[in-house]
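Each of the next two complexes has chain A plus one other chain: chain B in the first, chain C in the second.
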Partner chain A sequence: MTPNDLDLRWGLMVPELLVLLAGVLVLLVDTTVKAPDQDRRGIQTGISTLACLAAAGYTAVVLGSTSGTRTGFGELFVVDGLAVWFKSVVLLSAALASLMSERWLRNHRLTSGGFIALLLFSTAGMLYMVSAADLVMLFLGLEIMSIPLYVLAASERRNARAVEAGLKYLVLGSLATGFLLFGISLLYGFTGLMGQPSTCIADVVAAVLRSAPDVPALAVGGGILLFVGMVFKVGAVPFHMWTPDVYEGSPMSITAFMSVAVKATAFAAILRVFGGSGVLEALRLHDLLFALCALTMVVGNVAALAQSSVKRMLAWSSVAHAGYILLGVLAGTQDGLAAVLFYSLGYAAMNIAAFGVLVHLSEKGHEVERLDQLRGIATRVPLQAAILAVSMLSLMGMPPLVGFWGKLYIFRAVVFADFPGHIAIAVLGVLMSAVSAYYYLRVVVVSYMSDATAPAPAHRPSFGNGLATATAAALTVLIGLAPGAFLALARDSAESLRASSAAVAPAVDASTATAVAVSPQPPRR
Partner chain B sequence: MGSNLLNWVLALPALGALALIFMPRGRVDLYRTWSLGVMIAGFLVSLGIWFGFDPADTGMQFRSHADWVPAWGLNWDVGVDGLSLLLVMLTTFLGPVVVLGAWNSVDKRHKEFFAHILLLQSAMLGAFVATNLFVFYLFWELMLIPMFFLIGIWGGEQRLYATVKFFLYTLVGSMLMLVAIVWLYREVQAQAGIWSLQYADVYGLEIARRAQMWLFAAFAVAFAVKVPMFPVHTWLPDAHVQAPTAGSVILAGVLLKMGTYGFLRLAMPLFPQAALAAKPLILTLAVVGIVYGALVAMVQPDIKKLVAYSSVSHLGYCMLGLFVFNLQGASGSILQMVNHGISTGALFLLVGVIYERTHSRRIYEYGGLAGIMPLYAVVFLIVTMSSIGLPGTNGFVGEFLVLLGAFLDGYSQWEAGGSLLSFTFVAVAALGVIFGAVYMLWMVQRVFFGKPNLSRHTRLPDLSWREIAVFAPLLVAIFWIGIYPSTFTRKMEPSIQAWLHQIEKGLEHTVASPQPEAASLGRH
Partner chain C sequence: MVEQHNHYLPVLALVVAAFGVAAAMLGINALLGPKRRAADGPAVKLEPFECGSVPIQLDNRRRVSVKFYLVAILFVMFDLEVVLLYPWAVVYRDLGWFGFAELLAFMLSVVVGLAYAWRKGGLEWR
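Here is the complex of A and B:
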């Protein structure tokens, strides 16, 4: 095979390469630049942020400018609307997380080289996973993403909670990886049975659709295992056990990064394999997903009610939000898939804003995690309190913030979809978001309506974290006020799934073709 | 016609709040003067709408449209018609009164306080003038937030409990409403082929009876919590008692009307068949509310709580008037919403006046106030009369129209060979008027007459000039509506006729399941 056959279109891979290069550069700074830790941290987080932003810019402007699906590297790597969208979200989150990390590292007197480099390597894994056109590629991306995160979770290595977080994440994550790998091998066997062994996602999907409606147990089993492996990363119930402990033990910026970027990446992978082509129905996963959604929303929200630690509350809330986002996958229509895209972006903005405020308030030896540590911050740091309140209201789904539009899009898709029980699960969803109001409000209540009990520690604000928080908060408000462009963009980006499944469609028999065509094309007004 | 006028009425308070945020610290006088100025300006601009309003035109006037998310058909649409005009005017009228009344009532974080009041003003106006469901929902949710802060920061001892309860009760209802709105959105798309939530498009829907029931239920829960109707009224006494005076006045004066306005504007015309089917239930709950509110008010030792429970009773009349489906009932109901806003608003302000002086609201601590604060006593007595519904005051006109409407409804049903149930409602509701007189007058007697019960309450300053300025416009409104109500009713009657017509049209679709009551509608 000559390089030409491999189709090495390096232009498609620029973001990944940029991020990897930045990771190496960050490591080199540690060994070459002789400067105080303080300056080195600045340089390293700066490199990381700039690289991520540059990669995001390249993704959005250069890769996003041409629509349509482009593949390269021997059909392993794909760049389409879906990939561009999720890469932008991941890179934005990584940039903001790097900015936020500087402060945490300073508080803990840690050198930043390894930390920032791992963050970048994990980001690169995410980018590969988002672009995976092949199940093996997907697996590799997942591993590159996860392994640095296991280490990052345990960054504070003298703290038992951090070690617990890292270990728990490693063990349970490996289990999920096992599921995923086993699922892939079963699907590989299944395609072999169908006459053409392949791990290419499009081939697997086509094979499944071809054998519908009587899909063999081999494929169903493989599909379920694959799905479980991905849903684990999303943190959906009952595969959420790791979430609260890992989120609690990890450094704040990494928790923020995990909760938005890992989730977004996993959703990208779920959409790539199960979205829009009727595979869910063919594999009879629909009812399973229905139950998963209901469980995730209920357990996430109810458990969050009982938390006295803000960090843990946000962990459970991220489980709950995974439930809402999964509703979009469940709806399966074009709007449902687009809603997943939009929600991932919105969730990234509002969650990072919330964590940013917590990082801002935290001092060395005085990590702000418990609810009562937020008492009276409204008079002490009014701007940060306002940002925290806005992000809580947005997470709750108050109009006109971004969280409202995300929920509206999701519930709109569910109500417009036609599967049994769609209204019931929409009602369950909104009731659960009314439940969520209680724990989000509590943060606002404490910060605005209680007086401070302990004197505030001496305060040394961080420019990087301030910038990250402000950016995330601005996005939360601005996308909320003018969502039109983003909603349209999300919809167009989700079109690529439809296009790729349309390529499969000729091989599909009539019964599943209807499942593909359920998404109505709305007349634009 | 200046179609931006309405936008200005809406935007002025919000812009005022924005400007307030950037004002220098610690300038309390500046904050309150500025807020008062903004509110007065808002009222003056809204007078332009009042005088420019053409009663004969039953459509939306002063319309304004702006694209927001055009691809989804979710845009900025506002306008005003005879159903909302009075409520808009009530809101802008109470604005300056509230600010002036709250002049000295808070002792901390003044800037935020006035900013929240101004924001709340914009949000409430927005819900009244919305002409699509999306804008309505937006403001419906938005108005929760400033009120949440008003109660939570400047409220009494149990403020956190009260404010969270207020927020959650309302939110659960409105979340269900959101699903119903999305359902209607889908229905508009399916039936008309357009993406729209405009009232005009939604009114045109033909919805199956079964679906109407569910949708009506979803809307009705949201609105019933806000009204508040028995038995979901329990947040109200807590919220009222804990709220600062300004919060109570806004809550009673305007916020509660959101519920009745929601029934009027949305739940009834959108789902007429379901509304008619729910009529016996709603009327029962309304009269239960009237009597229950009155009885509970009677035994309250706390003046503010007494007034709060009287709201439950008064709003029962509004619901009664709406759900008898005739002109008298509906006009009376809207008028009663305004009356309640003025009278109960005034009562809360009066309670605030005495609370500022003594820091007590317990009835048994007072006595003989008429001799100590004569001017205050006079104002209090007039407002009490208005609240009871003495002829010559606004309360009489509203209650009379509501009872008349209910009586006419009962009569027409009896004539058509129906049951006497509706007469029972009128009888019980009329009984409520008597109870109302009992609890109010008894309270007045204990507070104002006899001898002072506490020696420290024997020397209290009477109303100041500022306080006189607060109550003067309210008293004018009480007598104006009481003596010459047609200034107000003639602005809304054509719109109410159109509203009844709209409901009748909705009932005519009832081919599959004929309604015996449908025949008797709107004949008066």
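Here is the complex of A and C:
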């Protein structure tokens, strides 16, 4: 094998390399630069933010300028509209999370080297997972993403709850990874059964579609296990058990990062494998996903009602939002997929804004968690209270904000989709988002309509966190004011998914006409 | 299809033999061994069975210093590096300068990790 066979198109991998190099640089700064902790934290969060923004810029401008699917590195790595969109979302959240982290690290008197480097390595894993053209590559990306996060969740290592969060995430995450690997191995066995063993996602999808409607149990089992492994990262019921505890114990900026970027990455992977037309039906996952969506929306919203901790409430609300986004996957139409992309971006903006305000209100050594700690913040910190109110209203789905458009596009896609029970599940979704109004509005009511009990935070505000919060809030409003442009972009990006599965489609018709499992050499792509 | 299955006959034989031996041991024991209820018999019957030693000792667990853990992790890092060097050494002529550069990049990243651990005091026995 020579370099030419490997097809090393380094231009496609620039964002990943940038983020990885920034991570190494942060580690080197930690060991070589002699400076007070304060300055070093500033330098490191600065490096991280700039690298993520540069990578996001490269992704959106250079990689996003040419449409169409480009593969490289021996068909392991793919850059298409889907990858460009989700990479931009992940890199944007990583940049904002690093900005927010500076404040948290200062509050807890922790050095930032390992923390920021792990954040960057995790981001690199997400980028690889989003660009994976092969199931093994997908697994590698998932692990590079997850292992730093297990550590980050427990970064406040003298706090029992943080350690619990890290351990729980590690144990349950490893279990989910086991499911995923088992699924991959079964699918590999299945493609071998079909004539040409391969873990290339396009080959697996093509083999599944070729053998539809009588897909062997081997492939159905593999598909279900793979799906479970991914849905775990999304935090959908019944694979959500870790979510509240892990989100509660982790540092605020990491909670924001996990709830936004990990979810986006997992949705990118779900779309990459199961997003092609007819794949969910062929693998008999459609009914399963239907039940999963309904359960996730109901359990997430009802459990969020009962929380007295804001952080825990936001954790359950992220479960509920995962349910809404999964509805778009369930719809499976072009509109549904575009809505998934749009919602991932919108959810990133509004959720980071909410967590940014909580970081701002946190004091030295402890975080704002209980709802009554938010009493009367409108008089103490009017701007932050306003941003919190905007993000809560957006999460609830108030019309001019991004959350409303996200839900509208999702529900519209489901209503216009064509599967049994589509109206019923859309109605359930709308009902559940009405339920969510109670716990989102309660935050607004507490912060505006009750008297302050605690004094204003005494420490000086953090520039980084302020910038991150303001950016996220501005995005929440701006995307809400011009949703059409972003939806058009999302639709173009989702187009690549259908284009690649359409390339498979002729092969489907040709081979389903004849016998199914006997074709010795299935066409690659 | 039939010839294909024949390859797996030894596996089936092994499975049958494994289950057979286990079932025979338990079965013969149940058939020929004395039967006494635990309540009537000697107290030994209620103790966990462990061959040749007293099952419950004062304290079987000892605490191990966390320092060993750090050293072990650093060892694993270089152990894995060597594992990856072996296959490269086998084909390094075919890969040429490309393979050399790849390996160099990989080792450089490991060296950065070592430098970080070193400067952070990971190699000191404290």
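Definition applied: the second predicted complex is superposed on the first by the 504 of 525 C-alpha atoms of A that agree within 3 Å, B and C clash if a C-alpha of one lies under 4 Å from a C-alpha of the other, contacts with A are read in each partner's own complex, and residues count from 1 in each chain.
Here, a residue touches a chain if its C-beta (ideal position, glycine included) is under 8 Å from a C-beta of that chain, and two chains touch if they have at least 3 such contacts.
Quick caveat: nothing in here was measured; it's all calculated off a predicted structure.
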Contacts of A:Met392 with chain B and chain C, given as first, second, both or neither: neither
Which partner, chain B or chain C, touches more chain A residues: B
Which superposed partner A:Thr31 touches (first chain B, second chain C, both, neither): second
First, second, both or neither for A:Leu283, with chain B first and chain C second: neither
First, second, both or neither for A:Val298, with chain B first and chain C second: neither
First (chain B), second (chain C), both or neither touched by A:Val445: first
Chain B versus chain C as contact partner of A:Ala437, first or second or both or neither: first
On chain A, positions contacted by chain B and by chain C: none
Of chain C, residues touching chain A in the complex: 94, 98, 109, 112-113, 115-116, 119-120
Residue ranges of chain A in contact with chain C within the complex: 1-3, 24, 27-28, 30-32, 113
Residues of chain B that touch chain A when the two form their complex: 68-73, 109, 137-138, 141-142, 145, 148-149, 152-153, 159-160, 163-164, 167-168, 171-172, 175-176, 178-179, 182-183, 185-186, 189, 193-196
Contact footprint of chain B on chain A as seen in their complex: 379, 393, 398-400, 408, 411-412, 415-416, 423, 426-427, 430-431, 433-434, 437-438, 441-442, 444-445, 448-450, 483-484, 487-488, 522-525
